[in-house]
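We just call them A, B, C and D in the order they show up, numbering each chain from 1.
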Amino acid sequence: MNSLGRIFRISIWGESHGYGVGALIDGCPAGLELSAEELQRDLDRRRSGAPGTTPRREPDRPRILSGLFNGRTTGAPILLAITNQDVDSKDYEAKRWTPRPGHADFVAEKKYGGHHDYRGSGHFSGRLTAGLVMAGAVARKLIRPVMVSARLDEVGGFPQIEEAVQDAVDRGDSIGGIVRCHAINLPAGLGEPFFDSVESLISHAVFSIPAIKGVEFGSGFRLARMKGSEANDIIVGADGTTATNHAGGVNGGITNGNELVFRAVVKPTSSIPQEQQTVDLRTGERTVLRVEGRHDACIALRMPVVVEAVTAVVLADLMRIAGVIPPVLTG
Amino acid sequence: MNSLGRIFRISIWGESHGYGVGALIDGCPAGLELSAEELQRDLDRRRSGAPGTTPRREPDRPRILSGLFNGRTTGAPILLAITNQDVDSKDYEAKRWTPRPGHADFVAEKKYGGHHDYRGSGHFSGRLTAGLVMAGAVARKLIRPVMVSARLDEVGGFPQIEEAVQDAVDRGDSIGGIVRCHAINLPAGLGEPFFDSVESLISHAVFSIPAIKGVEFGSGFRLARMKGSEANDIIVGADGTTATNHAGGVNGGITNGNELVFRAVVKPTSSIPQEQQTVDLRTGERTVLRVEGRHDACIALRMPVVVEAVTAVVLADLMRIAGVIPPVLTG
Amino acid sequence: MNSLGRIFRISIWGESHGYGVGALIDGCPAGLELSAEELQRDLDRRRSGAPGTTPRREPDRPRILSGLFNGRTTGAPILLAITNQDVDSKDYEAKRWTPRPGHADFVAEKKYGGHHDYRGSGHFSGRLTAGLVMAGAVARKLIRPVMVSARLDEVGGFPQIEEAVQDAVDRGDSIGGIVRCHAINLPAGLGEPFFDSVESLISHAVFSIPAIKGVEFGSGFRLARMKGSEANDIIVGADGTTATNHAGGVNGGITNGNELVFRAVVKPTSSIPQEQQTVDLRTGERTVLRVEGRHDACIALRMPVVVEAVTAVVLADLMRIAGVIPPVLTG
Amino acid sequence: MNSLGRIFRISIWGESHGYGVGALIDGCPAGLELSAEELQRDLDRRRSGAPGTTPRREPDRPRILSGLFNGRTTGAPILLAITNQDVDSKDYEAKRWTPRPGHADFVAEKKYGGHHDYRGSGHFSGRLTAGLVMAGAVARKLIRPVMVSARLDEVGGFPQIEEAVQDAVDRGDSIGGIVRCHAINLPAGLGEPFFDSVESLISHAVFSIPAIKGVEFGSGFRLARMKGSEANDIIVGADGTTATNHAGGVNGGITNGNELVFRAVVKPTSSIPQEQQTVDLRTGERTVLRVEGRHDACIALRMPVVVEAVTAVVLADLMRIAGVIPPVLTG
C-alpha cells in the first residue's frame, strides 16, 4: 500500500496538480538535527532544468510540518510537504479517454473506476518522487557514516549522456537509462531473512519508483553466464572483505560488509511528442493521440537522487531493526 | 522478517538438517479443496535427480497439519511440513571457521553471533524453498484461472541446457541461469501503489529465494537502450490489450490485463568441488578449502517451480486485497 | 507505532503547539463523496465550549490536502489537516523539569531523551484526537449503513453530568467518566481470529486515545459475577438474533449481527488547578507545582465523538478485509 | 489476523481435534537458552485437573521443531507444537446446526461458510491457548529481569475460589472470574505512541484469548468515579517512582517504571450441562440443546498463565523495538 518499512517507515501522499506532494515519516529517532535546507539540497538534485527534462519549473520549497522542535526530531511523526505551483491542467480532460501507451492512464481508470485524479497523472506522477527524496534526505542523515550515492551509468546504451539525450530530444522521442547505486561503510549483518533480504527490501522500494523495470545486485544478470569459480568472491579478510564483489555486498540476503552495489533500469519516458496509436475507451475504436503537456525526454537524468533516497530509507529501517541506530540519538 | 503478504500471508520455518522445513499460511479463504497429493506434484518438480542436481535424495512427503477439514481449507492457518530424512551433518563442524566464498556462512556467523545452525546451511539452505513450493501450490489453486508458469531461458548463456550443465559438472564447477516466468488470465488492476506495485511485491518475493541476483519485467534491462517510441506498447483494445509487451503486463505498478512476464537471474551455486581460497575466522589467516557435501552444480535447474510458487503467493495476496478472491469460496 | 489498520489504515501527525494536527488515510476506496464540511460536523462535536472544557478556542477548520478530486475520493492517500491557532506556549519551558502527576511529562522526557516537544504536551496532547475525529468522519461515511454512536454514561459516578462537572470545576479539580458506544446494522462475521478479534482491534484503537484506562464489551466486568446460564445469550433467530446481549455483539472475536456494545472509562484529567506534589528531575528533590495553562476539567465530555471515530476506523478496516466494502464505490 | 507483534512476532495454528496446536515465533534473538522442559512448566500450569476444569486429559508434551541448535535459539523461526491425544469428536456432527448460546458456533458457520472444523470448536477452542503459553514461555525468558505474574482475583465475585467453583459445578452451571496481572522490573519508556500504547498492545493480545470481555489498567473503571486530585499518582522519585499506582504503571501509553498492573474479566464458560434454548439453523425453528462433551466449569482457573504469556509476548516485542533486548544475546 502506501507505506514502506517496519520501524523507520515512510508514507507518500499527494498529486501532480493538487495541493502538493510529500511524505510522512514514522519511527525516526528523536534527537536528529534537521532543517528544511537539508531537504532542499536533495530536492534541487531532483529538479528539472537540464536539457531533456520537463519545462515545468517548480520551486520545490520543502516544509517540515511536524515532528521537529528546536532544530531536532522529537520522535513524533515527521510530516514533509511541498506545494504545487506551476500547474497547467487544461490538457488532461480532453485526453482522458485515450490512454497514453506505456502510461498508467489505462490501469488507473480501471483500478479506481474513473475516480482517480487524472490531471498530470495525479498520484502516479513522477512528481511524487519529491516526497521520496525528502524522506530520503532524512534517512541519509540518520544512517551516517553509511553513504549512499547513485549515478547514471548509461543512457540509451551510451556513456555520453548529454549527446544521447539531445539526440532523443531532436527526434521528438525519449530514451531510457541505467542508474548504478553504491552504499559504503555498511555494517555486516543487515537484512532479515527469510523474506526481508536486503535485495528484497531494496528492490521493493526501487520498483515503487515510476519507470523502473529491472534491478540487479552486483554482477546481476551477467552471473547467468558465469561459473561458480568466477562468481564466488574470495574472502581475503576476517572482516569479510572480498577480493571481488560479484555479490554486490550481499550474501544470503545479508550485507557482508563490502560495498553494496546495485543497478536499476529506467525505461524511456512514455510521454513523447510523436503521434502514437491508442484506443478510445468510450468507443473501443483505435485512434491516434499526441501527448501534449510538459514531459522529460529522459527521466533517468533525475533518477539518481531518487534511487539514493529509497535506498537510504531501506537501510535506515534495517539499521533500526538491527539496533545499529538507537531510538534516541545523543550528542 | 519471516513472513510475506498482507492478507494471504506465508511464513517459512525449518533448517536443512533439523526436524524439517515448511510453511504456515494465514488468510487462505475457507472452502478451497486441497490435498497433500497436490502439494506433492509441485514438490516433485523441485526435487533433485537430474544431472547437475545434488545427490541428496529426500522423499519430500508433504503433510498438512492444520487448517484442513473434510478435504477443504477451513479459513484457519494452514501448517505445511516435510521432514528431513537424508541428513549427513558430519562435514560441517570442521569447516565452520572457514567460510565458503559466495555463501552465507560469513554473514550468518556475524549476524547470529555464532548461534546459527550451520549444518547444511541451516535456515539459509536452498531446502527452505520446499516450504515456498508447498505454499505456492496452495496459492496456485486459489488464483485460478490465473496460471503461472516458469521455465529456464538459458544456462551459462546457452539454451542447450543439458550440455551446459554437463560441461560445468565435468569441470568441477557450477553454472548460473535465467528463469522466465509468465502469468496469464490476470485481471487488470492488481497492485497497490505507491509502494506495493506488482513489480515491488514480486521482486520482494523472488529476491528472497536464495541465489537470485536480478529481476526484470518485460523487456527489462533492454529498455535502457530503447526509445519511447519503441518501448511504448500500443493499446489495441478497449480491454487494454497491447500489440507488444515491453512493459511485461504492468504499467504504473498495476497489471494491465496483458501477460505478466519477468525474468530472474540465478547465480552459479557457490558450493563447488574445486579448491577455493578463504580466511580462517579464528586466526585471520588466508587458507584454502574444498567444499565437500552434496550440492547442485546448477541450482537454476530446480528454480522454475520455486519462482512460480512465490509469484502465485504474491498474486493470491493481491487478488485477496482487490476483492477478486473472496474470503469464502463457494461451489 | 503511528498507524492503525491493515487495509483501511490511518496515521496521525502533529503537535499541540506546532503547525497543526491531522491524519493520513491509506486504503480508502475510490468514489466516496467527501467534503471538508462533513469533517467539520464531527470536529464541532469534539470542540470545547461547554462548562468543564478548556478555554482554548480553536476554529478547527479541516482541510483535505490530497486524495480528493471532483468531490470524491480517488483511491490515493487522503491527507487531513487542521492548523493550530490559539497557541500560548509561555508556561511550558519553566515547568519542564517538574513533571505533572498523572501526565505523560515524565515518560516523554525518558523515552525521547529530552527531545520531545513539551509545549502543550506536544504529540501527547488530547488535541491529536482531532486527527482521529477527521479520519473517523471519513470511515463513518464508508461503513454505512453501519451507524456508530457513543454517549456519556456517567461522570464521577453520576448520570447528572452537568452537576457533576460543575462540582469538579468548583473544587478546582477534575473528574472521570464512562463512554458507552454502540454500532448497529453490522453484518455477522467481522473480526479476524486468532489475534484480530473485534475486541482486540477496537480495544487497541480505543486505548490509544489519551486518558482511556479500561474497555469492556457487553456486560463486561459484570460477567465475572454471572453464571453461564445467565450470561449466555439465547439465540432466537436463524440470523443470530439473541434475546439478551451480554456478549456485546461479539462471540469468538467475531460480530454476531447483534448490536456491538462496549464501554470505555476516561480517567479524570490529570492537569488540575490545585497544587500537587512532584519531583524536580534536575535535583531529585520533591517540590510542588501548580498546573497553569488551559485544561478540561472533564475531558470525558469531549470523548464520545472520538470513541466513535476510532470505532468507525476499525470497522471500516474489518469491512474492507471481509470484502463487505469494495475497493471502488459505485453509484 | 493470525500473527501478533512487529519484531518479536508470534503466529498461532491448530485445532482442538486435529493434529495438534502450536505457535511459530519470528524475531526471537539468537543465543537464548531454551528447552522443551521449560515450556512444559508453563503448560502444566495451564492444564486441567482441578475441580471445575475439563475431564479431557492431554499430556501436552511440547516440541521445538525449528530454530533451536545446541540448546540455544538460532535467530531462525521457532516452531512449537503439541499433538492432540485425548480426542472425542463423536458429539459434534449431530449438534452442528444448533449453535450453542454464548459460543462461536454461529459466527464460525457464518464467517467460514460452513467450512470450519467444528469438532471441539476447532480453531476457536480454548486449547489454542496452549500455543500462546508455549510462546509466552519463550518470551518470559527473553524479557528477564522483567517478571510477569498473574493470579485469580475473584471467581463469581468471591475470593473463596474453590467454594465458588464447586457451587457452580454442583448447579450444572459455569462461572466467571477476574485475572489480575503484574509485571515488575520494567524499564520506563516502553510503548510506541500514537497507536501502539502499552495499553493498546496488551489489550489487543489479551482480548484475543477466548472468553475475555474486559481489560482495565491500574484503577481502571474505578477512575470514572475519582477526582484528578485522587487519581493522579504523585511522583516521589526522579526515577519516576509514584506514591500510588492508579495509572497501573502507564502514562501517555508508555511505561513509567512502576509496576504494570491490569485486570481482565473472564466470562463464564458458555458450554454448560443445563438445557439451553437455541435455534436450528436449517429450519429457523427454536429448539433446545444440551451441551455434551467435556468442558471447564470455570475456565478462569486456567487463565492466569495464558494472560501472563501474552503479556510477556507483548513486552518482548516492545523491548525489542526499544532496543532493550538486542538481536543477539551474549553470555
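FYI, contacts are C-beta pairs under 8 Å (C-beta built on N, C-alpha and C of every residue); 3 or more make two chains touch, one makes a residue touch a chain.
Remember, predicted model here, so these are calculated numbers, not experimental data.
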item	value
Label of the chain whose CA centroid is most distant from the centroid of chain C	B
Approximate Å spacing (C-alpha centroids) for the pair chain A, chain D	44
Rounded Å distance between chain A and chain B, as computed from the means of their C-alpha atoms	26
Length of the line joining the C-alpha centres of chain A and chain C, rounded to whole Å	36
Residues of chain D whose C-beta touches two or more other chains	1-3, 6-7, 12, 76, 111, 123, 193, 327
Touch-based graph of the chains, sorted into line, ring, star, complete or other	complete
Residues of chain A that touch chain B when the two form their complex	1-4, 6, 12, 99-104, 106-108, 110-111, 123-124, 128, 154-157, 168, 171, 173-178, 188-189, 191-197, 199-201, 203-205, 207-208, 210, 212-221, 223-238, 240, 242, 246-248, 251-257, 265-272, 274, 276-281, 283-284, 286, 300
Interface residues, chain D side, partner chain B - complex	1-3, 7, 9, 11-15, 18-22, 24, 26-27, 30-31, 65-67, 69-70, 72-79, 81, 111-113, 115-117, 119, 122-123, 327-330
Chain D residues within the chain A interface of the complex	6-7, 76, 193, 321-323, 326-327
